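In what follows, chain A forms one complex with chain B and a second complex with chain C.
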Partner chain A sequence: MVHYIFRRLLLIIPVLLGVSVIVFVLLLLFSPEQRATVFVTDIRQLHNIQAVIKQHGLDAPFYVQYFRWISQVFQGNLGWSKTAQRPVLEAFFYFLPTTAELALFSAPLIIFVGMHLGTISAVHKDKPIDHVSRVFSIVGWSLPTFWLGLVLLMIFYGYFSGLLPPEELGIKASLFVKSQEFIRFTRINTIDALLNGKLWIFVDALRHLLLPVVTLTVVNCAMVMRIMRSSMLEALGKGYVMTARAKGADEKTVRTKHARRNAMIPVVTVSGYIFALLMSGMVITETIFNRKGLGWWWANAATQLDIPAVLGAVLFNGVLFVLTNLIVDLLYAYFDPRIRLG
Partner chain B sequence: MTKILNVDALKTNFYTYEGVVKALDEVNFDIEKGDTLGLVGETGCGKSVTSFSVMRLILPPGKIESGRILFNLDKQDEILQPPCIDLLQQTDSFMQKIRGNEISMIFQEPASALNPVYTVGEQIAESFLLHRKAQLYQEALKRINEELKEKKIFFPGKVALIWESKLCSKVLKNPKSFWLKFLSIFPCIRTDKHRIKKIGMEKSANLLRSMSVPDPDRTVQRYPHELSGGMQQRVVIAIAIACNPTLLIADEPTSNLDVTIQAQILELIRALKEKTGTSILFISHDLGVIAKMCRWVAVMYAGTICELTRVKELFEKPLHPYTMALLKSIPTAGVERLESIKGNVPDLINPPSGCRFHPRCPGAREKCTQIKPKIEKVSENHFVACHFYGT
Partner chain C sequence: MISKILKKKKGLKRNIEPQIKELQFALGRIRKSPLSVIGLCIILVFVGIALLAPFICPPQHPHEPYRIPRYGYSMTPSPPSWEHPFGRTEGQYDIFYGVIWGTRTAFRIGFIVVGSILVIGIVAGSVSGYYGGIIDEIVMRIVDTFMSLPTLILAMALVTALGRNMDNVMLALIVVGWPAYARLMRGNILSVREQTYVEAARATGISDFGIIFKHVLPNAIYPLLIMASLDIGAMVLIAAALSFLGLGAPVGYADWGQMISFARNWIVGPPGNPLAYWYAVTIPGLFIVLFVLGWNLLGDAFRDILDPKIRRK
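What follows is the complex of A and B.
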């Protein structure tokens, strides 16, 4: 197992280097003049842009520029984001908690709901309950995120006047959060509220979280459900399930202990993928619910041609997917001894 | 001899989209205590369906339509019931107590019959846990008490042991109590489970040792994919015999193994039978294997039993035309040409009228196409289902 983890960790290095090369090639798609504007601090420099290019070596050969850039990246210098009015790395850590909070709340819910619906569907195949859960999941899958989000807002924010509002926190709570009394440990509102022992802030943050979490769950759990259903059906038809029944195990044990453990393996893949998608910023969800997270920032950056921010997004997503894949592989090994020992 | 199993007019259908597959049509046979009955026939003739019907493991779209499966419960230590019961009338929860405990099954493909994500020890121990839970917990209590007496243990260790013994006696008193279920939410508190698992593993290792598996203590820690086919089949057998069943159903246990391993497995099953005195329903398509293993043999064709007799008599004096044809198709040294049975296995959605064998039978007459022959006693120890047997 240790050997397996070590091998997987070693494999990350070339993959990350590949990601960095791709990001740099994207950067090179811009002409030296365009890239030089990043370094312009005084409007008068624009008259002599060639000097700026020379000064920063933007016309140097590819590899020279790459090594200069990668050494900057290693020092954490990804440039200045004009949309966030901060350096990219700092802006990234500024927006990350909001996104992470939403992802941490919705990903487990998506996986839990999807897995249970899938199991129920598989166990009661072709019975009414199977049809109901399949219809539910496929309807959720086909609903556009923005439509569902807006309808939910209309009902729970409009009709029930402010029951479940958008944004991260209410005015009172957000003022208190910004004050000196409130210590920001993680910058994730719910966790910080609990750590500070302020239950009312926690409840307020949950109220604001509920709608986006529900939106994301309804839209995304169909995929988990479908895969769980098919892999559960496959597992239920396997010989070992019959062996378990012939041993005298009751139907519940047969399903949970024998079939589900095997059926989980493909679900792990989708779950990792969904988690990575959620972490890389839910542009639409964050825009609709006006939560200032990574997706919101990158959407703004893209529309305002904030190149360093967009490149930072690409780099972050690359790293994120590599890491998620690593975790998925490790979970595979945990669930499947054939991989662990193979 | 007392009969341990009596199958009477068993009828099993499968309701598929194409139509109703009449997989078993009035199957009759019985097994005496400590005896081995071989069930032989072509692929798809209903051998496996018979065994699954006896286990009551026919899943939808299949359904056992009618008949009786009388089973003689002669050991009454676990379940208190009158000795003879009809398995088809029992509830599912009662059948769960029967399966693996009184009747168990060895499967065809050991590689798929074992769960890939659990060690073989865990899978064998599950049999113990399902049917010998009280015994395991008593053993655990005994060990805890010994440890408490013998060693000088420091304070925290002693508290942990006392907690464990409390849990064990609680489980022995009422295994389904709400309190225990609540504690199971936190696995680290249920320390009794670790000990039970350890005892289960030891028992599995002992079982494998008695089956002369090399290095059983390490084998129980392995996963099925790490074992060879023969070893996997040994594990499947160990699961089946863990609770000393009265009836063992072996569903083609050697058909996927190579010949040397096959001989070993057959020898193992025979040795087990001699040691424990279980009755065996041995299913195979190989008459040679049947001849080696069984005293009685039933020949099946298209969901019916056409001949039931002693093995020796079957080879010497077969009476049913299908049996004769089957015996002619076995390769033997000296015989140049093998004869095959003309035609194909009938479609069981629309089975032939009358005798199901008549379209392929060389001696078929008018009566065969209309009236289904009943299985009849023609001499001592010989039953045939044919209107014109022996001709």
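What follows is the complex of A and C.
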């Protein structure tokens, strides 16, 4: 086990190095003036950009520049984001709670809905219910996130006049949240509302969350469903399922305890990719529903040529993906005796 | 029928008989699955629209057929009428013209991007899998790195860096898309490489290039083709998302994603008539959905046909 953990930790080094090289190559595609903004930590430096270029040697050979840049990154200096009006690293923590909240509600739903549809589909292979759930997942997969979000808004915000509005909170709730009475523990609205015992804020936050969560779930659960269906089909054909049936276990136990548990393994393996998919979805969903989270910030940064923020987004997602996969693999190793004891 | 023709050419028959059987089997399965027939029909209709675009909507500016004609400068969309069957969106761009010529844009993006990543992926994957060793290690680490970044976010960053236009969107999608193909191809090559027939070919003294092309590729390429058909839809979706964010096509270019972004401010109508501008959002969106759905249905059917784990059970 220790040996495995050590080997697994070593494996993340080349990927992290690669991510940093990609970000650096992206950086080199910009002009020295544009690149200089990455080194700016204070808005006043923007007025004298030539000095910054000289100071950081942005006309030096690329390998020299790379080591200078990476040492800045390790010191946590990712530059000044003009769209967020604060340094990039600080902006991450500023925008993170809104995105975390959306992820907290949609990720479990994506996995739950996807797994159930996949299981049902596999158990009733080639029956009408299988066709219906497959069509649902293919149609969901084909829907552009931005269009689905807009159509949902058109119906539930426009037609049902303000039933499920965009943004994070209503006017009354957002004023109260900013007031002295409301203590911000996590800056995640729903959790803070519960901790403060303010049920009406919780309900208000949920009302604003419902449409983005539905949008993300419909579009993304197809992938989970597809993997679950094929791995469940495979599991149902395995010897241990036959054994379970032969010894007289009822069909429900065979499906849930014997087949599904084993069929879930591939889904767990790709959870890193599901996470990456979710982050891509965040950019669109937050833009549409005007929720000021990481995705909203990155979309704005890209359209307004806020280079430090865009590069920071790539770096952040790379690191996040590597860490998610690491955790998944370690948990996996812990629960799978073949790896734990091997 | 195909086998009848082949019976006449006996010399040919011995060589490609398995492939022909495979093709017959595949065609039979496609005909039996209603979903794939629907998918195929959708794609054929879109092919028709793309080919006939100059006749359905003769361009106003013959040198720039992708420029959507404007009929006025008012921001408020105008409802469908005889002259403008789908109405006019924000800035009075004709929606009908936009979606018809947008079909061409979608095909162009899909074919160019997926064609390029297929070639790059096959070359990188074959070299990596066939030679192994240090080359394999380097290529696979590059692949790992690219695959650890969310597609849309990396594409966004690339378009920001390269500058906003259609060519750079396609370039960004190619950069983002090839690693998955390289990895799949490498895996296939690895499993095929050790087969006896490849060893036999090597013994006869054919060059590496010949072995890869004549013996390994034909046996390893099917999974890539499935992925390609699914990816045509996916790539068009990402390109549309970039356009929607304002990072893709220039303003007024016939592109579905951009037409939806025009409609963004008009999802809620005036008081009393909340769905007044439904056409501005719904129509371009339906075109994207149907296009992507067509490719996905087709790719899904291919997958069931070609997946040896599920087939023939």
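As a convention for this text, the second predicted complex is superposed on the first by the 294 of 342 C-alpha atoms of A that agree within 3 Å, B and C clash if a C-alpha of one lies under 4 Å from a C-alpha of the other, contacts with A are read in each partner's own complex, and residues count from 1 in each chain.
Keep this in mind: contacts are C-beta pairs under 8 Å (C-beta built on N, C-alpha and C of every residue); 3 or more make two chains touch, one makes a residue touch a chain.
Everything quoted here is computed from the prediction, not taken from an experiment.
In the superposition on chain A, A:T243 makes contact with chain B only, while chain C stays out of contact range. In the superposed pair of complexes, A:R261 makes contact with chain B only, with no contact to chain C. When the shared chain is aligned, chain C comes close enough to touch A:L150, but chain B does not. Chain A is touched at more residues by one of its partners, and among chain B and chain C that partner is C. With both structures placed on the common chain, the touch criterion links A:Y4 to neither chain B nor chain C.
In the superposed model, A:Y159 lies in contact with chain C only, and not with chain B. In the superposition on chain A, A:D336 contacts chain B only, with no contact to chain C. Looking at the complex, you find that chain A touches chain B at residues 238-240, 242-251, 258, 261-262, 335-338, 341. Interface residues of chain A facing chain C in the complex, by the touch rule stated above, are 14-15, 18-19, 21-22, 26-27, 29-30, 131, 134-135, 138-139, 141-147, 150-151, 153-154, 157-159, 161, 230, 233-234, 276-277, 279-280, 283-284, 287-288, 298-299, 302-303, 305, 307, 310-311, 313-314, 317-318, 321-322, 325. Per the touch definition, chain B reaches chain A in the complex via residues 55, 57, 92-93, 96-101, 104-105, 107, 109, 112-119, 123, 126-127, 130-131, 223, 225-226, 236, 239-240.
Interface residues of chain C, counted against chain A in their complex, comprise 35, 141-142, 144-146, 148-154, 156-162, 233, 237, 240-241, 244-247, 257, 260-261, 263-264, 267-269, 274-275, 278, 281-282, 285, 288-289, 292-293, 296-297, 300, 309-310.
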